[in-house]
Structures are given as C-alpha cells and as structure tokens.
Amino acid sequence: MQHEVMFAGFGGQGILLSAKLLAHAGMEQGYEVGWVPSYGPEMRGGTAYCTVVIADRPIGSPIIRNPKHLVAMNRPSLEKFAPVVKPGGVILINKSLISIGSNRSDVDEIAVSVNEIAQEAGSIRSANIVALAAFAARSGIVDLEILRRCIQEEFEAKPKLIPINMKAFDEGVKAARIS
Amino acid sequence: MQHEVMFAGFGGQGILLSAKLLAHAGMEQGYEVGWVPSYGPEMRGGTAYCTVVIADRPIGSPIIRNPKHLVAMNRPSLEKFAPVVKPGGVILINKSLISIGSNRSDVDEIAVSVNEIAQEAGSIRSANIVALAAFAARSGIVDLEILRRCIQEEFEAKPKLIPINMKAFDEGVKAARIS
Amino acid sequence: MGKTFQKPQALSDTPTHYCPGCTHGVIHRLIAEVIDEMGIRGKMVGIAPVGCAVLAYNYFTFDFQEAAHGRAPAMATGIKRVRPDLMVFTYQGDGDLASIGMGEIIHAANRGEKFTTIFVNNAVYGMTGGQMAPTTMPNQRTTTSPMGRNVAEVGMPIKVAELIASLQTPAYITRQTVIKPKYIVKAKKAIRQAFEYQLAGKCYSFVEVVSTCPTNWGLTPLEAVKWAETTMLPYYELGDKKVPD
Amino acid sequence: MGKTFQKPQALSDTPTHYCPGCTHGVIHRLIAEVIDEMGIRGKMVGIAPVGCAVLAYNYFTFDFQEAAHGRAPAMATGIKRVRPDLMVFTYQGDGDLASIGMGEIIHAANRGEKFTTIFVNNAVYGMTGGQMAPTTMPNQRTTTSPMGRNVAEVGMPIKVAELIASLQTPAYITRQTVIKPKYIVKAKKAIRQAFEYQLAGKCYSFVEVVSTCPTNWGLTPLEAVKWAETTMLPYYELGDKKVPD
Amino acid sequence: MSYRYTIDVDRCKGCGLCVAVCPKHVLEIASELNAKGYFPAYQARPQDCVHCSTCCIMCPDVAISIVELAEETV
Amino acid sequence: MSYRYTIDVDRCKGCGLCVAVCPKHVLEIASELNAKGYFPAYQARPQDCVHCSTCCIMCPDVAISIVELAEETV
Amino acid sequence: MKKVLMKGNEAIGEAAIRAGCLNYFAYPITPQSEVAEYLSKRMPEVGGVFLQGESEVAVGYMIFGAAACGARVFTTSSSPGISLMSEAISYIAGAECPAVFVNIMRGGPGLGGILPSQGDYLQSTKGGGHGDYRMLVMAPASVQEAAEMVMQAFPLAEKYRNPVMILGDGLIGQMMEPVMFPDHLRSEPSNKDAWATNGMDTRKSDKRNLVKSLYLDPNVLNSQNLKLKAKYEQMKREEIRFESYNTEVPYQALIVSYGTMSRVCKTAIENLKEKGIEVGLIRPQTLFPFPEMAIRQACDRPECRVVLSIEMSMGQMLEDVERSVQGKKPVEWYGKCGGEVPTPEEVMDVVRSFLKQYGKE
Amino acid sequence: MKKVLMKGNEAIGEAAIRAGCLNYFAYPITPQSEVAEYLSKRMPEVGGVFLQGESEVAVGYMIFGAAACGARVFTTSSSPGISLMSEAISYIAGAECPAVFVNIMRGGPGLGGILPSQGDYLQSTKGGGHGDYRMLVMAPASVQEAAEMVMQAFPLAEKYRNPVMILGDGLIGQMMEPVMFPDHLRSEPSNKDAWATNGMDTRKSDKRNLVKSLYLDPNVLNSQNLKLKAKYEQMKREEIRFESYNTEVPYQALIVSYGTMSRVCKTAIENLKEKGIEVGLIRPQTLFPFPEMAIRQACDRPECRVVLSIEMSMGQMLEDVERSVQGKKPVEWYGKCGGEVPTPEEVMDVVRSFLKQYGKE
C-alpha cells in the first residue's frame, strides 16, 4: 500500500507541521514515510504545499504529481490541486475559507469549518491540527491514537499549547465523523 | 639547420636582452626563431638563463636540454651548462668573472674579458652586448650587420646609449677575432 | 490644500513579492521617483543583488542586471568603466554588501567609481531565512545566532557607512531610514543627491538605508518599525558621513 | 659596554631569497626574536602569504601553513577557532591583504579573532614584478601604472591600519616601520605587544610595517629607505591607531 | 478642489503601516481577506481625510493613490 | 671585555644598509664578489667598532653577529 | 539507536557530530541553510565549533586552516557557493589535508534556481578547481544514506588526506525521512602528528610541520602530482561503490542514475516490470571513483539493447557512462535541469521510446 | 603587416586590440602578468579601458557587467585566478553574455608552481563553475596561433553569447616568437541592442533589457538549460578544430596532444620517422568541442596499435580520448605536470615502449 497526501494553503497556515505530524505517526506505526515540502525564497501570501508519502515498502520517487489525498486550507490550493487527486482519494476542504467544492464525483470530499472549530478550541493557530485530525479520521491511513501522541510530543516544549491542540484534535475528529 | 644558444648568468647581467637581440636578428634574416626565458618568482642573485632557437624550418620543441652553444656570463652558469653543450658548439666564457674553463675538448671555447671591454666601451652595463657580439662573430649563425642594426633599433628610445653599445659591439667582434 | 500621489513611471505595475510591511518597497519607490524627477530612465542600469531584492528588476521599468551575491559593485564598475555615460546603481542588502561583498564595496568606493549604491540594512539575511548578518545587533536572535549575537564571539555590528567614509578617496556617504514618513522624505533627498553627484561625474555615492524585516525579526510590521527605531537607530546614526568638497 | 647579537632560535639558518636591502628580512628577524623572548615557539603556527614572503616558512623553525593569496586571515580563523591555545600570526603583503584579501582581513578583525597580523606595506606587488597595489602612492610608477598612480582614476592609497581601526570591535592596531634602527626597535616592541594581547586572549592584533621594495621601486637599498621615509611616512603615519581598553 | 483616494485592495498586504501614520486616523484594516490572503486597509472615515498623502508615502506597496479631479466631475 | 664581530660573507647581499647606519663608519663594501655574486660588507676599521650592534639590528639578512669572548680566550 | 524523522539537512549536521566532527564553518545558502541553523544550536551543546564565515571563499580557507592543524572539520553549501570554494578545494587537495564538503545542489548555471538539480556532476568529479586533483564524491539517494555517507566521509578523507564531497540534490536536503545514526560509523579522528601544524608542543616534537602546496622545483611538483595520482588510482581500486537494481533478470535496457533521480528510476522500473518490460539500474554511490567496470559488464548482457544516462543535468554523467560502455552498446541521455524532478511516468516513456528506437530489426 | 618578435603575453594583449576589443580588466598573476603590464601602456594609447581589479573574483564580475552592457571585453589570468572566476563564468554563461577569458596555465593544484602546465584541461572543458554550461576552449601551440585565436575568440563569443576561453600554458605566454596580426581577423563588435543593458536611450527603444540567470520556475529554467545545451551541440557541429600531423602515412601509434606539448610530440615524430617508426598526431585546437570523430577515425587505421594521450597533466584529456576511441584501440597516457616540459627524447622512449607492449605477437 502507498498513500500520498498533499497539504496545501497559505504560508503561515501550519501546512508543513500538520504534514510532518502525519508522517511522524506513519513512521511510529512502522511504515516507510517521506515528507517533501515546497520550498522557495521568502514570498509571503503565496501557496505553500507539502506532500507526505506513507507506504509499506521502500518509497521510490518521493515526488508526487497525483496525490491520493488532498487537505486544502485555502481556495487557491483547492483550485490548483483538486483536479490532480487520484480517484477514490479524500479531499478535505477548509470550509471557513473555501466557499466552493472540488466538483469531483470520484473522490470522498469532506468540508470542515476548520478555523471556527480552532477558535472554539482556544486558538485559530490550531486550525492545522483540526484539519489534520479530520483528515486522519476520515482517511484512516494512520492510527488516531498514535497521531494524537505525536502531536503531544511535538508540543512538549510548549506545554500550555498541548490542551488547546488536543481539544482541536478531538474536535477535528468529531467533525469528520458528523460531516 | 637549427641552432640553439643558451645565454646564462646572474640576474641583472642582461642575459634576456642579448638573447632577444640574437633572436631578432635571426628573424630579420628570415629564419624561424624562438626565445625561451627561465622565469620564476623574484629571486635576486640567482642564475638566470634563456634559450634562443634559430632554424630554417618550423621549430618543434622550443625547450632545449642540450643547446648547441653556450654564452656563460658567470661561473655557476658555466659549471651548470658547459657539460650539456652539444659537441662542436661554441662556448663563450666571460673571463672577467670566470677563472676556469669548460674542460671540453669537443667544443670551440672562447674566453673574453667582457666586463673590462664593456668598461672601456663606456659602461659595464653593455657587457651583455660585448658577449653577444663576440659570440655572434665566432659562431657566425647570424649576419653581424643585421645584428648590429637590431641593437641600434633596440636602443632607439635611449639614443645616448647607442654609441656606447655600438662600441661595445665592435669591440666584442674584435675580441672574438683575436682570441 | 491636498496632495496627489501616484506610482512613478520608473516603477512597474507588478506587485512585489516582499512581505507585508517590508520597507524594501518604500526604497524601490523612492529610487523610481528620483529617476522620474531627473528624467534619466533611459540612461539607467540598475543592478539587483542576491537577496530578497533579487527580483527588484521586476519592479522597475529600465535596464537591469542581476549580480551574483555580493558582486554588484564589481559589475557596476565594469559598466561605468566602459560606459561612463550610463547611470548605474547597485541595490544591495547587508548580507550581500557587508558580508560576502565587503572587498568589492570597499575597493569600488576607494577607486571612486562613479556609480551609486543603495545599501539596505535590515540587520539580517532576509531571503535565506533570517541568518545573522554583519549588521545584526548585539544579542539579536537570528536563525544562526539562536542565543542572540554574542559580540565576544563574533564582534560588533559593522557600521558600513562609517567604514567606507573613513577611506581617503572623496565620496558622498550617508545613512538614512524609511521607517517613518518624515525619514522617508529625507531619504529621498539623499538618493537624489547621490544620483546628482553621479550624473555630474563627481564621485562615488553611497546611501545606507536602515530598513525592516518583520518576517525574520518575528515581529509585526508595526513592531518592526518600532524595533528599528529604538534598537537600530541609536547605533546606526542617521546623517551624512562624508560629502565631496 | 658593547652588545652581543645572534640569530634568534626561531629563525632558521637558511639564507633568504629576498633582494638585497629588502626589509622583509628585518621583519622576519623581529618576529623570531619576540617568539624567542616569549618562549612560545612550540605553540606557534605561522601563515605565509602569497607574495615575496611565500617562502617565509623556510626561514622560521616552527609550524607553518601556506595560505592562498589573500586568505591567510581565514586560515588563521580556522586554526584559532579549533585550537585557541595555539599562537597564530599571518604575515601578509599589501597586495595580499589590502587588495584580494580585503574582505577576509576586515571580517577577521571585526569578529575579533585572537590572532596577530603582520602587514608588510611596501606600496607595490613585489613577487609578481612590481604592479600597482592599493597602497601605491599617488603618481608612483609601477608596471601597471606606467604613468604613475592616477588618483582620479583609481583613488587614493588605502590606509589599512586606520581603516581597520575604525571598526567597533576592540583590537590592537598599530603602524610601524623598519627602515632605520630606531624604528626597528619600536617595531619590535609593537610586535611583542601584539603577541602579548593574543597570548592573553584579549583581542585581534594588527601590526602594519612600512617596508621597502628596492627592486620594484627601481632604487638602491639606501635610496629605497630614503624614499620610504620622505614619501611614505608622511602619508602612512606611524603609531598606535587603536588599543583595547 | 476634490480628490479621488483609492486603495488597490489586491496590492495591499495589510501591513497596517498606513493606519499607524495617518494623522487623522482615517484608515483601518478590513475583516475579509483579499485574493492574496491579506486583510487589506480601507478608509473607515473617508470624510476626515485631508489628502496629506502621508499614507501614500509610507505604503511599501504603492497601494494607495490620490488623484485630483477636474472640477466639473464633482 | 672583548667581542668577536663576524660578517657572514656568503649571507651578505651587499645592500649597504649597515654601512649607512654604523655610527662609527666602520663598515665598507668589499670590491670582490661573494659566491652569490654580491659585493659583501666588511669592517674596514675594526678598531673603531664599539659593538653597538646597530648594524646587526639593521641587517635584513642576519649576516652580522657579535659574540662575547670569555676573558681567558683573549 | 531509534529512528527519528529528520530533514536531510539536519540529519547531515547531526551525522557529522555523531561521526566525531565538532568543527563546522559555513555560509548560508538555499537549499541547505538548515544545516547551519541546526548546528548553530547543536555545536554549543556538544562543545563544538560553529562559525558563520563572511563568504564561501573565506569558509573554504577556514576549513583549510582548521584541517591543516589537525582538526576534523566540514562545511556545507550549494552550487554557487561551491564554485567559490573551488580554489580552496584545489589548495586543500594540493596540501593533502582531509576535509569534508557537502554540496546540496540547486539549479544552475549562475543564480539558476533553488530547486533540486544534479548540475554539478562535472564540477565535483572533474575538479572545479585548477590542477591535477580529484575529490572522492559520494551521492546519497535518501536521508538515511546521506547520514551514513557523511559519517563515512571523515575516515575516508583522513585515509587519503584529501577532500571528500557529499553530492546531494536539494530534495535530499529538504526532504524528511526516518533516519538512524549507526554507532559503528562513529570514528576517532586519526593521529595527524606526522604532518599537521598542531604546534610542536602538542606533539612533543621539535620537528616542525609544514602544510603547503607550493613546489617551485618542477621535478618535485611533478612527483607530488604523481603521488596524488597514485592516491586517486587507489581510490579507483578500493572505494568504488554502486547499487545494482533489477539486474538479476534479463533486462532490455540499462539505466545509470544516481541520487534522487535514481529513486524515480526505481519506481519506473517497478512499473515497467508490471508491464512486462525489464530494465536494469546501476546506481553509482561514488561518482568519483566511477563504477566503470560494473557498467561495462552490465551493458554487455546480450539482451541489453541500450544504456541510458538519466540525470537531473544536461548530459554530464553521460560522458562517464560513454567512457565506461566503450561503444559496446548505444548510450543515450535523458534528463531535466531546472528543479523539476522527472516523474516515473516520464522515465517510463523515455525507456519505451528508446527501446522502440533500438528494437531488434 | 610585418612580422614582429613578441612575447606570447604581449601578443595576446595586442591581438585583442587588433580584434577590436578595447576593454580589459585583470589581476596580476605569474606567468601572464605581462598582458596587464602591456595593456596598461597600450589601452590609453588606443583610447581603451585598462583596470586592475582588486581580485579575480571581482574581475570576473567586472567582465560580466561590461559584457552585459554590450561591450567587447576580456581578461587574462592563470590557474588559481581562474578558479576564483569560476562562479562568474557560470553566471556569464547562464546570462548568455559574450566574453573572452585567457588562462595561461601554471602548475597546480593549489599554489603549485609558476612553470608551464596543462593541469586545467578538465576545469576548462568540463566547467569549473556550477551548473550546465560549457565554454568554447581553444588551445594555441605557438605565439602566432595564440594571437589568431584571441582575434577569433571575440566573434565566436558573440556568435554564441557564451564565454570563450583561450587555454595556453606558461610557455606560450613567456616565449618570444615572430608574430603577425592578420587584418582579416579584425571584426566589428556585433549589435547587441536586442539583449544588452546598454540603456534604453542608447538603442532608442522603450523596451527595457534584462540580463539575469535566475529562473525560479523550474520549467523555464529547464528550457533555458535546453537552450544552452542546443548552443553547445551547435558548437560541436560547427566549431571543432584540429590539426592532423603525419597521418597520411600508415602509422603504428596515434598521439593526441595539444599546445606546447604537441610541438614536442612533432619533434619526436620527426625523429622517430628517421628511425623508421611512423607515428600520427591529432592536435586538438578546440578542446571543447573536442575532435572526437577525428580521433575515432584516425585510431581505426589498421596499422595503428595504440593511442597515446600525451599531456602536461595527469591524465585529464585522457578521458576525452578514451571516450572518442570507444575501445577500438588501447589508450595510454603519458605526461608530466610540474613545469618541466617533457623532451622529444622522453616522448620517443614512451612511444617505443608502448609499441613494444602492444607489438603484434
């Protein structure tokens, strides 16, 4: 098996971190993983994206043009990447910033008001965790418990952020269930 | 035909110039010529040397280990190069500074008190011209008239040096004849 | 009595890639305004550095060259020596000019090359992600001085304008800033002055501009402006360091 | 009451390749005498430049590295950072240090690297045959300024000691000469002082020595000494430019 | 005499520098994103604007312009 | 007390700097070349030498040395 | 030692420390600045040296100075920065000092771009600097391999007293993968008293050491160069490393590819296999010395119709492949250089079309 | 035009002026400082530009700046100096500007020596700088040829908008030979208004020009690199130059040699002929593009038993010779690198011993 997940949004939306957390969880689960960022000179406001590959055998090319799944945090990235997602994949849409859909009938589309949920959870900055949780719950490619632990680990240094992000995580999972 | 002449002495004895003048005369006479200096970082008091090749066909290797002739302006260079001169060549020895001979029976050795002659001619600095003239006269590899003209040309810029050097030249030629 | 304001002709319509509140944009505009006012757009050759301003050529509407990191002054020298009639300026950041390009700037200034340098001092390497620059302030944290610049280890920030002004060759050397409207007006005058000296073939001209890098300082644009004023200006004193007689 | 005099132990027996009357030899000896007196030969690492002193390592009896042209300060930095306990000096000519090596010397000085630089200013490129140096005097003829240095074209000679002294980082910066016995005595004191600061880990130390190049100046050794005194010393003023507090 | 004051919404990066320097406190930051994902500035109290162009001088992105209107167009 | 004053003929490059700085005008340049092709310096008037070592200090080639002789060797 | 998820650049920094190298000098440049950022934190923790030099030229000589006094030292940079170090690399090789250079390649020439590329193959294997020297060049294809090669590079540099280069592309530096730092690759710096200028007191000797590359006597310089040549010949005998992939089956085409590009080729090979097309791969892990023999033998297989040099450069490794194949089989090139890594699909099409072109008539 | 006796270095300077290049920037270095010394006198006489830069790094960019605004410009240096220019050369190639670089090679690596060498063959032909670029490299074997190649270099640089290098050894620079400057090689600088940043007024246009090498979009950078590659392929079709010597007779060995070394080989070939041994010579006059085909065909002659790459370097050109021969004949190397030019006698012995080794059994 091999899953490729594309995370995309504005710079500053925490794209790279949520992708890293997913890869980390995959690794803890014993899979081969790869995390490939888009990097470039400092240009704020552009679209940042990042691919995570999770597989049960060594990963050949880490460069993915047609990911299996997409987590779209803003409209430009949905418009840019939705068309290239493989049939049967999950597309998570950040409803808070995206009014449209993917108009793909061959994928499992899920829209979550990521920002609002994050706000309620305690901070808009945990929006990326909400999205990650919702995506993970829906796609089921990693064990949610392991993922939860990876997030805790990630914030070890800043303990006061842990409760907020745990809340964000759980709300994200819930959102995936209900929607 | 191909003649190779090695000029050698202390830096500052005008080695490079007399070599150049010989090459120039050769060229004016319609021969192929090459002038190859020894060059190195500034090191005063060392032995400087320079090879001139004069031939009637294109010159292959301009690097000569066994020259046909030698003009030795000081003792170290006589000691260093006399042994490698080809049999039948001319070895000119600056008697003013060199008390010994080449002890080669298979060459045409000629010893001239170059410095003293130059002094009389008007300046010790024209010693190289004396040596050149004597060598040219003895070896006969270039036309003396042409060589004389080349020397005049060389000093065009400093006209007052011309008479001195012409005198030096003539005395050098004379010295070759008598010795 | 109100004033009008519009984009100068020497500036293109392309929106810049600079971060919100980055004062590179202000400096670009001032240069363009001076060029418009002097009517020299057709003689101009700008030289972009390697730094956040590497794409500066996208924002101007006259000839441009793109230098290697730190070497803009050498390129400008090449141009002015073969085409003294052209108007040339280098636009350089503090990593570009004060670190890797130190030799080139000192020698160009000392030879009295007749071009103008606009030196953007934002106390950090912007483009590559906020590493320490020779101009980084004592104790300032950067991605390569995580504990803050330790002057005992790496020395004091370099006051480039003063350093260059200490050379013997006549030149126009000044330090300005663009963090507030009142300073911006002065900075524009200085740039005009520098270009005038060049046009007259008088001397080398150098305008250091204390600037901001909100992104790599980890501050909002407003905080950044404050920090520049309270931390940088006391060390990097504004004003002319040298004028040709 | 007479004095005795012998070759210091830090100096080898090898006769130098320097031209007659070239003061490189005096400077070598002074360094060696200071090292003997301080008893630090076993800690020394010298760095030879590319210039007439490229073979300096043949004349000293302690560890030596040979730098690339102008890069001795970077090499010294490499050594002192990994082995602060070693005593390190760079020996550099004016082409080496003031032309190609300007960036390295300024940054090493500004970082306050704890090594010593002996800077031999002879107003010309010696080894390569007398080309113009950044320190060449106005109107001085060299093989690349046949009409004399034209300051309108290539600027004024660089006063390196003053330039480096203008940096903010504490350092010991001085200019000396060795063209007469009385100066030689002073120069030796300065070199001693520089090495003492290094030994104490106090600061960067820099001793510029106004020197002669009879060969490329086209003068006899005695004329050269005169020329240095009458032409160079008025411009290159002797004395300490900066001392650490 | 009258002026047209414009903030090019899509050029604006919402840095807020203009807001800070406006002597009449005319400007504020909007609450919806522009195409580039920034919250742009706008004239909250246009009637107070004296067209001093201070904001224009400060704006790093040349997003603000003020043009004079010929009388009749008023 | 007495000293041995030596000029290493083959180290000397005949630059003449010592000759110029000697306060007692002891030194002169010889008229025959040394092995390296230089005219070396020598003490023309050794009796005038006060062993001030000025020449030693000036010599770029460390060609001059002065050693103190133990009494008995005199 | 447990697996950790790490960015290639950080893994490279950590690997050096694990290998026992506590001295790092560098100048920032994308896409490898994270090495410096990581080590600016880590070196102080382990009592090591971190210094940001003023330029790559200066850094090259800081490395030289430190290496010449016996320290284990390394630097990292990217393409233009390596060009600026080429004089220093030549000096270090000439003076026979051990040092490790990491080049995380970006697109060139000139300022080029900052995305992955393999455009510095010739520069690193044929000598960017002047004179008769070579570097031992290792090319990792994963973060794990990058870490291991960095750890192996130091003892190799010391074995040969010669610079060793790790040649990675931007992707190797930017990508995160699980990595383990094998303890057995930790190595003690070799004793350098015989030649290093570490101070006579340090080595309790009154014989001074001299590190230099100037030999004014042509015969001495010639023998010095012959000595260097002998070291490079020894590398060719002892250090060649490569991976063979899918070469146990009868393959119709042989791909030669390294680094990130080789991973794409592997995926392509797997996909072609499913379609019944067998393609072999030789992945050079050392670019100098180059696995000439392996390629010569591999291409000699009767079924093999064509050899493809697939690179993220415009036909640089191609020349070494041609040299290796010696005309036994046609050699073709495919590549891209600009930052976009060719996809497995592209590689599959390329293989198919060349197989068609060289189909049995 | 009459023959004059001139030092190679001075002839190079004069040739540039005769070719219509009045702009020169350089930094002194043995064995080519005479070019700068000569032009510091001559340029003012002809109203040209002479400037001694502060370093080779700076000079490289002075050349770039001047070339980018449309001036005909050149520089001269020697091995270490060229290493310091390698970043600039990569930029100039990337930005497609015409410029001429002369490298009067000395012994390396490092400081090496100052005597003649050919140790920079790989650096100049494979790219000392980073990225996918090449220089057109011409190698003169006499002062006359050096002068002619310099005069030809400028139009070639402008034809391809690419740096051209004249690769000579110290002997070419230091030797005096008779030289003539053929008037027909004088050429007018081409019109560069289409791309040069010479000021919009100058070209009476309001379209601005931009000289750059940065292409952040990987596809654009890739097509830029393909464009460069196409130029280098065109050079291979149109610019290859070589001399064949004694190839009309059936030769038992083929020597490939260039520059000063090739002259020694010619003398050796003449002497061997007298002894009844026939040896052919291919002398590449362009090192890039390299005369592959000529060598491949020449070595195919049935009598030819071995191909010898004879260089003043440690087997650098050898790699190109091997690539060209494609295994058709054994390829051997002989050379020296340190400053001493091998003698005809040495070459004769080498030829004899290899002929013995590859004698018909």
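We just call them A, B, C, D, E, F, G and H in the order they show up, numbering each chain from 1.
The working rule: contacts are C-beta pairs under 8 Å (C-beta built on N, C-alpha and C of every residue); 3 or more make two chains touch, one makes a residue touch a chain.
All values reported here derive from a predicted model rather than from experimental measurement.
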item	value
Minimal step count in the chain contact network, subunit A to subunit D	2
Subunit B to subunit C, fewest steps along touching chains	2
Winner on C-beta contact pairs when B-H is weighed against B-F	B-H
Distance between chain centroids, defined by C-alpha means - subunit D, subunit E (Å)	60
Whole-Å separation of chain centres (CA-atom averages), subunit C against subunit H	40
Centre distance in Å when subunit E and subunit F are each reduced to the mean of their C-alpha atoms	87
Where subunit D touches two or more other chains, by residue	18-20, 54, 66, 68, 99-100, 102-103, 107, 127, 129, 134, 154
For subunit E, residues that touch 2 or more chains besides their own	13, 38
Residues of subunit G engaged with two or more neighbouring chains	30, 51, 54-55, 57, 80, 87, 91, 95, 110-111, 114-115, 212-214, 216
Contact footprint of subunit G on subunit C as seen in their complex	50, 54, 66, 68-70, 95, 99-100, 102, 125, 127-129, 131-132, 134, 143-147, 154
Footprint of subunit C on subunit H - complex, ascending	23, 25, 49, 51, 53-55, 57-69, 71, 73, 87-88, 91, 95, 197-202, 206, 208-214
Residues of subunit E defined as touching subunit A within the complex	13, 33, 36-38
Subunit C partner contacts - residues on subunit G that touch it in the complex	27-30, 33, 36-37, 40-41, 44, 50-52, 54-56, 80, 110-111
For the subunit C and subunit H complex, residues of the former touching the latter	41-45, 47-48, 54-55, 57, 60-68, 71, 74-79, 81-83, 85-86, 103-104, 107
